[in-house]
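See structure below.
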Amino acid sequence: MTTLRPSKPHPTVSIQPPTADSAAQEDLGFGTKVSQQIRTRLLNRDGSFNVARKGLALQRAWNPFHELVTMSWTRFYLLVLGIYVVTNLLFASAFLLCGEGALLGAPGRTTAGRTLDAFFFSVQTLATIGYGRISPEGLAANTLVAIEALVGMMGFALATGLLFARFSRPIAQIIFSRQAVIAPYREITGFMFRIANERTSQLFEVEATVVMSRLEGEPSERVRKFNTLTLERSKVMFFPLHWIVVHPINEASPLFGLTAEQLLESEAEFLVLLTAVDETFSQAVHARSSYKAEEVAVGARFADMFQREGEALTGIDLRRIHDIEPASLPGSTS
Amino acid sequence: MTTLRPSKPHPTVSIQPPTADSAAQEDLGFGTKVSQQIRTRLLNRDGSFNVARKGLALQRAWNPFHELVTMSWTRFYLLVLGIYVVTNLLFASAFLLCGEGALLGAPGRTTAGRTLDAFFFSVQTLATIGYGRISPEGLAANTLVAIEALVGMMGFALATGLLFARFSRPIAQIIFSRQAVIAPYREITGFMFRIANERTSQLFEVEATVVMSRLEGEPSERVRKFNTLTLERSKVMFFPLHWIVVHPINEASPLFGLTAEQLLESEAEFLVLLTAVDETFSQAVHARSSYKAEEVAVGARFADMFQREGEALTGIDLRRIHDIEPASLPGSTS
Amino acid sequence: MTTLRPSKPHPTVSIQPPTADSAAQEDLGFGTKVSQQIRTRLLNRDGSFNVARKGLALQRAWNPFHELVTMSWTRFYLLVLGIYVVTNLLFASAFLLCGEGALLGAPGRTTAGRTLDAFFFSVQTLATIGYGRISPEGLAANTLVAIEALVGMMGFALATGLLFARFSRPIAQIIFSRQAVIAPYREITGFMFRIANERTSQLFEVEATVVMSRLEGEPSERVRKFNTLTLERSKVMFFPLHWIVVHPINEASPLFGLTAEQLLESEAEFLVLLTAVDETFSQAVHARSSYKAEEVAVGARFADMFQREGEALTGIDLRRIHDIEPASLPGSTS
Amino acid sequence: MTTLRPSKPHPTVSIQPPTADSAAQEDLGFGTKVSQQIRTRLLNRDGSFNVARKGLALQRAWNPFHELVTMSWTRFYLLVLGIYVVTNLLFASAFLLCGEGALLGAPGRTTAGRTLDAFFFSVQTLATIGYGRISPEGLAANTLVAIEALVGMMGFALATGLLFARFSRPIAQIIFSRQAVIAPYREITGFMFRIANERTSQLFEVEATVVMSRLEGEPSERVRKFNTLTLERSKVMFFPLHWIVVHPINEASPLFGLTAEQLLESEAEFLVLLTAVDETFSQAVHARSSYKAEEVAVGARFADMFQREGEALTGIDLRRIHDIEPASLPGSTS
């Protein structure tokens, strides 16, 4: 059986009990009820929360800017295309309602032809092209043109702002290693995971916080507790390559003496929070992830991900960030 | 009679006097005169200040950007529409002043017809459509076109910037429970209110400050004092659901031993300040509100707002954020 | 003779000498040579520095964005207009160089007429109006159109960005009272000045730093020293009205025992630095100003600037921010 | 032989060994392997990192916004021009594929003529000019126009956002003196370099961190160590002129007792990190640079760079920032 650090004669050492206050501080804002009752993970791998929020009249809760800025590029472009087509269809219908003489020079003679003429005239107006082969005739058509021009300009203004917002949004695209490991660390063991910056922009002052959450207490009245893990170093000034975040499992660690089985059985989850400064716009960025007990490889370590030419180190290979290799833990008999 | 915590034999315990210095620190910037003389609330429920500022030549005090960015969407769109119509009317008049031959190809023969032609030609120019059926003839009309094109482009540039600014402005739309409560809290009582994030974007590092302001001293020379209330926890790292902010009314609390009647009579007001970080753009956001004594329900607690499917917790229902239910306070005989 | 606080028997008490280290810390970055040799003020009333910086190849030192964003609106609009006219003149010349047939449909027959046609055709192209009465003919003219369209779009994009940048730039428009005063303060005296927020947007967490700079030491070897003045309160959470910043002249103050004449003679200057958070975009803002000794009224205080209706306080009148009234100082015999 | 401070009888004093912990803290995030194995400099003079990062599917690692915002203006404009031409070529080809009658009014009769017509019609459509001499005929051509108009508007929106982003990006253009010096400083010596603000916008709260990195230990097992150098002052409130950053080489300094030869031989590198606040937008800015041992002039000091008119100081001359002059060090016999 593999234990995390079984070298001293207390197979299941009790973890130092957090005081009521610090426990309250450390539930991170999930609230007592949620953290006790949610049986799956609190935080998903992509950093989103595993809880739902309902209610409120939709027009209040809905934050269109947030939606439009965070949706995928594919959805965004499809939405823009859809709005473009629908707007032109609406104005085309309105031009058709103005009667036959409203679009001077329109060649269409059939209903289909006139409909297409109206649609393409609308396109030329919304986009402010105005070839002039077709031009509006009469008060109704001219008024529609005035409205459509304003709609076109405001819509374009919106699209400009949204595109800029989408581009300039500070996102830390951090790659987290697929698994965390319990690896040898100096004379003892350590809980470790590996992160790297996926983007070409530099990150600064990267700071990590790791909180372990697990069920504790007697089987009859187990409650989920939160413990912040002390890190070997919690902040790096630069982040040009990768960083293996290390929590040394010494006697002060809440992991001290726990077995892999106990981690699994107590539904342990390691919540990871990163903050950093993105160089491009000196913006603060955030990243979150979590490791469930079953995503922690006990008795493994991260494989070297450096690239070499001969003896010289020339860089790192981000594709190898998830690579781990077996490592025997001190005191382990496996 | 309901008192907040009458368990010990001092029905109207005097509140620990703040030192001159800390009192000065805690009037929050309202100034001595204002906080003494204002008889209604200092802070409105929506977080605006209950004081007026006048004077200054208008062109200096007026901050058009602030106005244009913070006005309602309805007003904003009406303003844009109004400016669009007025600008076209002005240029239409100018085109009319250029004489009959200035708009080549304009079909209008009557005054009304010529006016409409000028207006719609202006639209086609301001929006840079330029169908060309009507085109400018002569120096005056062409110069007007050059000016209108520039005005159109600059106005459109402004609208683009304003739309983006309105959208990207960091606003924490926090819902505050309609009432605060004095509820049972562990062995004692607590002053509590409930907040939730109304928007779909996440907030982080939400921090609350609560200051109680009330008239103190002898009836003849009562002065308004400010006391910051100690909170059970003043900051949460995440804010996925709701948060009940709790000030425990222990012996150190300025609320200790006060009755509901005393709160009302001394014109107590609880000023709430929230700061947080909005995830979308990592921006700091602020929210403010206040509870007057008559908005504090003594002997009540917040009702559960969780949604359940069978045993499982599936989310919260924001519509129930204001729900309170009676709760008997320790030591209360009501 | 008026002294700032002559109540104890030491007419010219020596100011506590700052240590070499703190002095170094407190020259604020002006550098030893500059602060010793500049005989006028270090900081102008509007917060700009009173020192010049020359050299560097112009293309490196010149920061066009900073210029374009900080110049006055009048200059900005004139610049935009100028660039618009010049660009059209350049393209008009180019179209003329393409020969007579290049602008199909142009009515001008004289040189002046052809020049005007080319200019207005350029306007219609740069602004992407394109009426079409005049249209390009041949490779040269069409290529020019392609270039001008791109120039027009990029120029317009630039103007859009600049307008937004100018509007959204965080500026704290703080009004500083024209004079500072040495006024009665509790039992002693205080150095005071009054500030108010000129704009309609709210400022938060306003923080003030006041540094006194004056020549000290023997007449033969006087050097300029810097002393940070302790404030009665250096930060206010809100800033809805005005704020009188107060430095109490107690025994620890570097002003203690100094006469008005000594302040003048030692070329004293009070440097004021403000930082705050602007509510509209949660942006940090800065403001600076300074008071020379001759701008300090000794034996005066700030007049009330509140507006009243009957007994009730209804607001403040910003026009009265500079109003001071005589006040006799404790211990003063004037 | 010139030593940095040889006044006491220990020619090669050992530097105080950093503890394992602080050493870990001070490798700045380069990681142990990289900092041990890289034989050239860690940080280039322009602040970029001297390590490579490879791997990852390109579409993930590539951050187009970062590229487009940080590339040179020349490359940016060439890219815009290239995309403009290529897009028009693509649409021109598509219009040609629609057949001969698709572009009504196009004068070209030869293949070359028709191709040019299609290209320039595309320009007039993409830029939304629409002269109308050539207009689309039929479903295919009209649909292409609708698509091209949308592409044109979105592309223009993108260009607008990018131009603004490029302009408003916070960049501290700090000039670092080409060389650092070991100069006389009070009674001892100091490691110094000179910086100035190249731009016309003001910087505030400029803060410097200097870390010395060199190989230490026995020749057989030398490892690179990092030591943060204590500065005479690490922060200035204003930065109107220049700043000579000074590390006094006293007994606590890791440079104490080292010779110039030892610095060279142990591959010493001085990493410099600056942070500041840019006034224009109150944005945080960063600057980095480094000095290798061979870029440190031992026994030199920075020449005066002030401009004078007669006796009066009128400014500084940034062209002289790199000027150094010989200076004999205390205790040096050279």
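In this document, chain identifiers A, B, C and D correspond to the written order of the chains, with residue numbering beginning at 1 in each.
Please note the rule applied: a contact is a pair of C-beta atoms (placed from the backbone, for glycine too) under 8 Å apart; a residue touches a chain by one contact, two chains touch by 3 or more.
Just so we're clear, the structure is a prediction, and the values are computed from it rather than from any experiment.
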Shared interface numbering between subunit D and subunit C [over half = same, under half = different]: different
Copies subunit A and subunit B - rotation angle from C-alpha fit, nearest 5 degrees: 90
Chain pair, B-C or B-D, that carries the greater number of C-beta contacts: B-C
Subunit B and subunit C, separation of their C-alpha mean positions in angstrom: 29
Whole-Å gap separating subunit B and subunit D, where each centre is the average of the chain's CA atoms: 40
Subunit A residues counted as touching two or more neighbouring chains: 124, 128-132, 156, 160-161, 164
Subunit D-touching residues of subunit C, taken from the complex the two chains share: 24-25, 28-31, 33-34, 37-39, 49, 51-56, 60-63, 65-67, 69-70, 104, 124-125, 128-132, 134-137, 139, 142, 145-146, 149-150, 152-154, 156-158, 160-162, 164-165, 169-170, 273, 283-286
Subunit D residues touching subunit B - in the complex, by the definition given at the top: 128-132, 160
Touching residues (chain side subunit A, partner subunit D) in the complex: 80-81, 84, 88, 107, 116, 120, 123-124, 126-133, 156, 159-161, 163-164, 167-168, 173, 198-202, 204, 206, 232-233, 236-243, 277, 279-282, 306-307, 312-320
